[in-house]
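Please find one structure pasted underneath; my questions will follow.
In this document, chain identifiers A, B, C and D correspond to the written order of the chains, with residue numbering beginning at 1 in each.
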Amino acid sequence: MTGWTRDEMMTIAAARMLWDGCVCFVGIGLPSAACNLARLTYAPDIVLIYESGTIGTRPDVLPLSIGDGELAETAACVVPLPEIFSYYLQGGRVDVGFLGAAQIDRFGNLNSTVIGPYDAPHTRLPGAGGAPEIAAHARQTFVVMKASPRSFVSKLDFYTSAGFLGGGSAREATSARGGGPKAVVTDFGILTPAEDSRELTLTALFPDTTVEAARAAVGWQLALADELEILDPPTPNELATLRALNERTSEAHRRPVELPA
Amino acid sequence: MEHLSLRQAVERFVPSGARVALEGFTHLIPFAAGHEIIRQQRRDLHLIRMTPDLIYDQMIGMGCAARLTFSWGGNPGVGSLHRLRDAVEHGWPRPLELDEHSHAGMAAAYCAGAARLPFGVLRGYVGADLVTVNPAIRSITCPYTGEELATVPAINPDVTILHAQRADRKGNVAIHGIVGAQREAALAATALVVTVEEIVDELPPAMNSVVLPHWLVSAVVHCPGGAYPSYAQGCYARDNSFYQQWDAIARDRASFTEWMERHVLARPDHKSFLASLGEAA
Amino acid sequence: MEHLSLRQAVERFVPSGARVALEGFTHLIPFAAGHEIIRQQRRDLHLIRMTPDLIYDQMIGMGCAARLTFSWGGNPGVGSLHRLRDAVEHGWPRPLELDEHSHAGMAAAYCAGAARLPFGVLRGYVGADLVTVNPAIRSITCPYTGEELATVPAINPDVTILHAQRADRKGNVAIHGIVGAQREAALAATALVVTVEEIVDELPPAMNSVVLPHWLVSAVVHCPGGAYPSYAQGCYARDNSFYQQWDAIARDRASFTEWMERHVLARPDHKSFLASLGEAA
Amino acid sequence: MTGWTRDEMMTIAAARMLWDGCVCFVGIGLPSAACNLARLTYAPDIVLIYESGTIGTRPDVLPLSIGDGELAETAACVVPLPEIFSYYLQGGRVDVGFLGAAQIDRFGNLNSTVIGPYDAPHTRLPGAGGAPEIAAHARQTFVVMKASPRSFVSKLDFYTSAGFLGGGSAREATSARGGGPKAVVTDFGILTPAEDSRELTLTALFPDTTVEAARAAVGWQLALADELEILDPPTPNELATLRALNERTSEAHRRPVELPA
């Protein structure tokens, strides 16, 4: 097994930020892959919560939707959705929330609602879902997004979910109780908020790319950390586990459904 | 509680202009009921669902809806709901008014509706522009701490339609698996229609499992496969492959319309809809 | 999550002065834990329970409590809680401050606590003098309809103690039967201690049944019979006869004190307490 | 089987007011006996809800507490207590609520909290429990109380639960959505609120008593209805069913409890 894709490296980089026993509010797609990769490698007792109400779930294949039957079958328990948001997320019981979006700004604010004006959209996106309250209440959030100047923008078209708002202590003045974005995992490396300004700063690069490529992918003047970490490439075990998971998953999603007669 | 056919239930409980919630979070989405609403050409509906999913994409694309209350409008794990987008971006086949929330906000609104409170409270919408585009999202001051908290108005549908695994002859409905906001949507509604995979003489002892007692239920409809291409835990799996194929079908107005005519409008009922998919393969 | 003895758990999680909720509505009342708190002579506790029941009657009579948050203080189906009455009417063995609610109000307060909202809202306390004697019951104006609704401040105990049928080795706790406000009291608390009838290697698949995940649980204590004379569904029944006998025991200060000394204080643990009841018979 | 007690007649009179299919919020003691008697005789499909969270329960013996195991085992389902009060009671799903109290006044207001001042009570009673919200939200309430001038009083020591408050349309001005007391079943007969004044009025007498006895039992000047109904005595079937239920119950409550070894 040689070589790896940027998608794989993003997933693996995100998985490495998790720790055993941490309680994750998992979104669909790459976050779900990252969380389950962590569970299948170095964080066997990670607790995965999907907003569908499945708590402590251990799926063998990745769900396509946030509420596939596999999640319920392997869960410690299944609770009504309102409880997930009130008792668990707002209740301060979630260590890590994963977020993605169509746009992010330099303070980690996210847009997943609309490109163009809300009332006359150029592109209508799916919308908020769980994001605004994951962003507010999870003790920390990890954002996972492929970078381009169209997605990493200096001004969002719409503020769906709060990062550090205008930066500095702006977030502390709100009723958000969670710590905000801890890291943004892109397809070139990792941005983390600077200590005082809270501006997203390049702190780690994937092993196969350059600062110049990172800067070209970001629509604002990207700040660099004093010490830039070069991330280790995927280990054979990480890669093998992730590929097997993806293989099981796409096989399962292709499987024909038997309806009752 | 009455046992009705799906046609009767939609005739009776879903007039044009009604506020209608077809709930079920990914699981147990009442597709058959949505298709029957399309067949009966209901118009000006105020559709309510946390995740519109394919069923509302279809109803919106067929012109049933004037307004949508929702909190996440994508095809899960696939991408856009193209019919929803076309209605919002281009007003096709007709403009769609949005009443847009976050999941937490909409869940609080359903809970308030079920409890017959006029509003729900949450720590939510922090720094979010939804507050500026949706005048229904307001705030309130805590009488103890002075904190400002977000409020949402209660959701009380005229009719909630659910799908479930089984009901007994009296109309007690048992749900197994992911429940989403089904119970809250049911309790918040004026009328409650439930399509079920199976009708049994008697349900097993429930204890703490999820049951909607018969006296909350307006009508039970026997409708096997009624959640397809969503799923019914223990009966059949989610057809993830269909969800993926829907992207191409719905992307284009003509292919969408053709698919709906062929598989829904030209079919008298859900059994025939399911059979038509087999023919297509 | 840790596995502790009951003695260790009370030493660690129930200091004098703490706000303590021993919940369980008639079912699964954590008697063993209450007795251990009495043995360890905790004082100035703020006791919280919807229905104080015999366990708080005993704790109040033994001088553990300075304050009581509650909504119904009787011996169900029997009559008064005489030790509670004596504390309120005569300050014996010490005065007891009351924070009194209705069931609906206290349930709303637990829900708010679990959701980490500062207050709960209800249509409640209509025309009720509780509003005049409990300054914590206030009102709020609906930002949509202008209606006045009652509010209660959230309940957030320092520690909630529950009894349950079983836990697994990781500390996942499964509850079967009447749950009352156990889950809300558990989620509202800073620490959560659960005594259980049985510890198993692995719990059966839960799906929609009631489970408190291990990462919410501070300590699990193996304590068979720990709810007696209350009950544990599927393990043993409520000792209704004991509840009836308690009336005579508790009516008189001397007979109460003698009973508590003989059956609780003179016994090192719950097993010995249970054995002492057999000897008495 | 000849003769019957006033307690039996009260229970039977209360049971007769119920109808098949009605949804009852049941309290412990006489209301529980009345509801189950109705279920075992002419209202087999009555729906009984106990505040412990048991819905549609069909106990073979009467519970001593509001949450005996028998209630859970025979229930259509068991839900968390907060849901009973918010989704079911406040949600307007209850047809009939039963209430008892230590004191009642002429407008059906109830005191179950305290005799004497709240801060220096002569007698501390158990308190409100579910009563204030049952009184507010049930479509109608039935009050069941033995009468004496000490319990049927002209002025309550404490207002625990609202009846018609000051009478007339006073209740309509509140946020109470239920209809208030429909009847008060005493140990001499039944009082019902007069149409306009809402004052409790003697409308039915037990077959073995007199208006004079009724008036002597009430601490205010008791109004009489124009037509006074004389209730039918218990039928043999009512009496036999009730006595068998009570016999099963007291036998069950005496049964020794087996603890796990």
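The working rule: a contact is a pair of C-beta atoms (placed from the backbone, for glycine too) under 8 Å apart; a residue touches a chain by one contact, two chains touch by 3 or more.
On a predicted model such as this, the values are computed, not experimentally measured, just so you know.
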Chains in simultaneous contact with subunit B and subunit D: C
A-B compared against A-C, more contacting pairs: A-B
Computed distance of Cα centres, subunit B from subunit A, in Å: 27
Where subunit B and subunit C are represented by their mean Cα positions, the distance between them in whole Å: 40
Separation of subunit A from subunit D, taking each centre as the mean of its C-alpha atoms, in whole Å: 56
Interface hub residues of subunit A, defined as touching at least two other chains: 72-73, 78, 86, 90, 177
Residue numbers of subunit C (touch at least two other chains): 111, 116-117, 122-123, 147, 149, 177, 179, 183-184, 207-210
Complete list of chain pairs which touch one another: A-B, A-C, B-C, B-D, C-D
Subunit A-touching residues of subunit B, taken from the complex the two chains share: 25-27, 50-51, 70-74, 76-78, 80-81, 84-85, 88-89, 100-104, 107-108, 110-111, 122-130, 133, 147-149, 177-181, 183-184, 197, 224-225, 228-229, 231, 233, 235-244, 274
Residue ranges of subunit D in contact with subunit B within the complex: 21, 23, 47, 55-56, 72-73, 75-78, 86-87, 90-93, 177
Partner subunit C, residues of subunit D touching it in the complex: 28-29, 51-54, 63-69, 71-73, 78, 80-82, 85-86, 89-90, 109, 113, 118-119, 121-133, 135-137, 158-162, 165, 171, 174-177, 252-260
Of all residues in subunit B, those that touch subunit D in their complex: 114-117, 172, 183-184, 187, 205-211, 213, 215-216
In the complex, subunit C residues that touch subunit B: 116-119, 121-123, 138-140, 142-145, 147, 149, 151, 153, 175-177, 179, 207-210
